[in-house]
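Paired with chain B in one complex and with chain C in the other, chain A is shared by the two complexes that follow.
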Partner chain A sequence: MATTAVTSAEITSEAPRSDFGRVLAQRERRFAAALLAPAFLALLATTTFPLLFLIYTSAFRMDLAMPFTNGFVGSENYQVLLSDERFWTSLLVSLVYTGSTVALQVIIGLALALLVMDMKRGQGWFRVIAILPVVLSPAVVGMIWRTFMLAPEFGIVDFLAINAGLGSKNWLGDPTLAMVSVIAIHTWQWTPFAFMVLLASLASLPEDIYEAARLDRASAWQRFRRITLPLLRPAIVMVIIMRTMVALTAFAAIFTVTAGGPGTATEILNLYAYRKSFTELSIGYGSALAVALLIVTIIISGILFAMRRAK
Partner chain B sequence: MSGQGQVSFRNIVKMHGEFAALKGVNFDIKPGEFFALLGPSGSGKSTTLRILAGLDAPTAGRVLIDDKDVTSTDARDRDIAMVFQSYALYPHMTVAENIAFPLEMAKLPKSEIAPAVKDAARKVKIDHLLHRKPGQLSGGQQQRCALARAIVRKARLFLLDEPLSNLDAKLRLETRAELKKLQRSLGVTAVYVTHDQEEAMTLADRMAVFMSGEIQQVGTPAEVFARPNSIDIAGFIGNPPMNLVPARYVDGDVIIAGHRLKTTATTAGERDVVVGLRPGALRMAEGGLGARVDLIEDLGDTAVLDLDCAGTMIRMRVADGNIPGEGDTISITARPQDIHLFDPATRMRL
Partner chain C sequence: MSAKRLRIIALLAISTVFLLAWAFPIVWSVLNSLKTDSDVLAYPPKLVFAPTLEAYRDVLFGSGSILPNLLSSVIISVGTTIVTMLMAVPAAYALARLRFRGKKFAGFYVLATQMLPPVGIIIPYFLVLRNIGWIDTYQGIILIYLSFSLPFAIWLLVSYFEDIPLEMEEAAYLDGASRLKTLWRIIIPQVRGGIAVTIVFVFLNAWNEFLFAVVLSGNTVRPVTVAMFNFVSVEQTLWAKLAAVSVLAMLPVVVLGVVAQKHIVKGLTVGAVKGGGRR
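On to the complex of A and B.
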């Protein structure tokens, strides 16, 4: 009790100065809040609200083809989802697509970065050329690949395949080849991103520790394994996180190239939710699929961020 | 594994485009010697060390280690350990892992690595820091870690590139003494690059003095101090360095500012010379060269006087208790054997 009294007495004695500071800080905070408000409200309206509405919708049966069946169904959409074989297939396709594209981007991007690091001239040009695919719209990339590259007989890839003696392939018609194709397209477009990030990270590593490692008799492979890789780890993990987020929610390129086909061979979860909502007009179930994708994305990013923090 | 550590440089030239960083360097280092490469920045001493380490290739010339031509041998295969000016520690490894790295690369069994790491860390007194990362160490501790990593392998050659330059003055003095003891106890050949003549004087058994891409003198610190080969070395070695005064030589005497001084150095006939006088070799005596005391820098046990001898600035070191006042006029002289003569044209010793 006595202590409390002393403390409050101290506070009172210091009141004038701290009061002034507090008022000032409060005013400043209010002004800051006013400045932030428009952006904050816009974000709320365009991201948070649709997200909440999506979750809300997923608890309804909302079938535009059969409006008379609409109504609140609780968790029924999710129960259906869990026993929906096409959901599991599309989830698997999503995971294969994401896993393989991210792995390829990191491996090829890192290899390119290491090669370009050793280039004495033309690094700048290489960077400019490498960034081109990234600035293209994925839909455009999809169209280019579908026509220019993969069209039977006339596409560059098919032309090369014929000349290599493999014969003309139905690149987008065969389920396995279609999957390989969409993975290749995504990798082609986004590897430069990984390349740029890793190149910048590589360039920031000090030269002298490599000289020390040479004198310590480390071979080129050991220098890569023991020094480059651990020091690049933060950049690599960051690339993996960013690219995984994007790959999980990829849409435009696949949509324009195969639209999920043939059959459901390249139908990632995102595409399935789209087809369900806007082709089959089953908005409620489509929303449940989208929420499922959201949960998968959160879980995977949670794991990746934990990996990043570890050690 | 640890060999002799005998080094020979034969006409080493290093060009950076048009610029000659090294213009034909020759020297030999004996096994077990503490050899300093001394010179001002840009004189080529670090380039020499990098060529010896195999980190840079010379444009011409040959490098021999233990009588074997290693000019085109990769740094990996030269059996050389080095301490970098920046320390070049592996930032993602602990101190223990840093020290263990060269042993792991040499594929030593784990059971031998652990005691060797402890031993090396104990020698440089960082055995209590083994689990820290370099980022958590002070500059002096990082420097010791770099030293431990270099000595753990028992290489035949031990290179040090300005290892003390990033330490504060007090730590530098302490580490300097420890470095010398360490090198003696290991008995390894050490090559030491520095721009600090005091470091070279105190540490080295012998040293090579670099001036603009060339070696101007090789010798023990005492030899270089006593008989500098050129005006440049005379002006570089010693603290404060030798006074260099234009003068006239007339059979056995030099004439400085109208005053004659006897010298044991001889040269033909009568000619212009540059006289070198160590600040510590000057004495106050009657009938000498008249000089006015401009400034006194009191160092405690000695003092350095800035003297004005008829327009020529001369610095003189005097023992404490014998100091004139500022503005006084004194008379100075030097023993004949303390007068060095240099040729003003070639800048070499006469």
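On to the complex of A and C.
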């Protein structure tokens, strides 16, 4: 760019170089602003504005079923929230759901990536099949699992359970089993994501380090602990961060399977905010729950990003 | 030798189990969509049966056809993709190539918008759209889909813009081409591949979205992911039809996913790599 300024300045006029540079820089800024404006206006309108409006509505009682009680209530929704048992339960369910699904995805995904990396043939199968779950709509995944996989007797999971001597189970009707089921469904859909990302970063690791380790007679476990794991750490942390954010706001794959039930057994905070707002039509309190979810998200991502920076 | 053989067999067994686990629910839905209801409900489950296209005929052309819902899904996804790309391509170019104050902040802002839980967007947006009568309209849904498709598309495109050599641009600029002309004639053709990949992913995400769709849809606009619910009610489940609808809903994204196979890791992790600085 600097050379551009010099040559053009020589040709066109006697204007001082710095002035011309400034004009060019200014033009570049204007051009950038024009290119960015539509996207940023749209983002302001669809993200920043809703956030501000959400915080505003969380200070109101806004009951669509009983409009005559509506009005400004200040921090009342938040005070109610702090002593709302269902809120604390949903927060706990969120943490269990997120913690277990993310841990399972990373552990299974990493183990499989290591296994497939060692395979001389058949890697292609994994690369294709792993794509299938992750491109599907969680809503469709939820519907399939709820019916053809988990329905009593002819659902395949129940069929296998019966044949394994466990007997037919009410997979979605029993609180504990329902929680296990929604965790399993999320893990089923997203483990391929962790697998594919970790396999890609495994494949990009330098080969010669392993050669050296092998010459030093390092055991397979030592090679994994001392070489692979540290080199893979950034990728693993990235997977954890991305999957945590998604699991915290999981919606379709729970909504379609249990709708949060039985009772509130699988109601994560995200689902509680939805149900409060759109099933029970208490928009003001639902907004407060959504703000609480945002705060939880920020705290957890803050912790994860701190972990990422820490050695 | 036998220990090595045992290891190979174990590896093979584990691989088969996982491949089956991932493929089975999808394959099973396809099989069920080709059955009659009584075959779906058979115990033990039937692997061999007389296949029929009856379920597809019913869901496509019977009463309560889901053709309008498939059309809804297509309009929403195509509309979202077009609007997103028109805004994201110029913005991504500016973020990747131009120098201006606040560039770092602009990039960070695009990423930070993704922190907002979707439920926190839909609650206020529901109120706004209700007031202006945009519930159950395409413009309402497409507008709010920008909240997730734009940041995604911008970041994915930035990564492709950064890959083109700077010299081409300078050469064109030196030749006296205007900035806009340079962008249109020189830069865009260079990132055609990246634009195609971005289009695939934006379409895919829009097709799969559920939360916004379930809140904003009505009798006019109801994508297939939401319409699926009609086949499962408290009184009865229309098993074979549900399977057929699931397969129809899965078909486009599976095709796109397999087509974009090589780019899928990049598409899935976009933003994350840039998020906390380069590594």
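Here is the rule we use: the second predicted complex is superposed on the first by the 296 of 311 C-alpha atoms of A that agree within 3 Å, B and C clash if a C-alpha of one lies under 4 Å from a C-alpha of the other, contacts with A are read in each partner's own complex, and residues count from 1 in each chain.
Please note the rule applied: contacts are C-beta pairs under 8 Å (C-beta built on N, C-alpha and C of every residue); 3 or more make two chains touch, one makes a residue touch a chain.
Predicted model only: the values in this text are computed from it and were never measured.
After superposition on chain A, the partners chain B and chain C are accommodated together without colliding.
In the superposition on chain A, contact is made by A:Y274 with chain C only, not with chain B. Judged by the touch definition given at the top, the superposed model places A:K120 against neither chain B nor chain C. Within the superposed three-chain model, A:I209 lies in touch with chain B and out of touch with chain C [touch as defined at top]. Judged by the number of chain A residues each one touches, C leads among chain B and chain C. Taking the two complexes aligned on chain A, the least Cα distance separating chain B from chain C is 11 Å. Against chain A, in their complex, chain B makes its touches with residues 53-55, 74-78, 80-82, 84, 86, 88-92, 101-102, 105-106, 149, 153.
By the touch criterion stated above, chain C contacts chain A in their complex at residues 11, 14-15, 18-19, 21-26, 28-29, 32, 40-45, 86-88, 90-91, 93-95, 98-101, 103, 106, 109-110, 113-121, 123-128, 143-144, 146-147, 150-151, 154, 170, 173-174, 179-180, 204, 207-211, 214-215, 225-226, 228-229, 232, 237, 239, 242-243, 246, 249-250, 253-254, 256-258, 261, 264-265, 268-269, 272-273, 276, 279. Taken in their complex, chain A has these residues touching chain B: 206, 208-209, 211-219, 222, 226-227, 230-231, 233.
By the touch criterion stated above, chain A contacts chain C in their complex at residues 1, 4, 7, 25, 27-29, 31-36, 38-40, 42-43, 45-51, 53-54, 57, 112, 115-116, 118-119, 122, 125-141, 143-149, 153-154, 156, 159, 188, 192-193, 196-197, 200, 234, 238, 241-242, 245, 248-249, 251-252, 255-256, 270, 273-274, 277-278, 283, 286-287, 290-291, 293-294, 297-298, 301, 305, 308-309.
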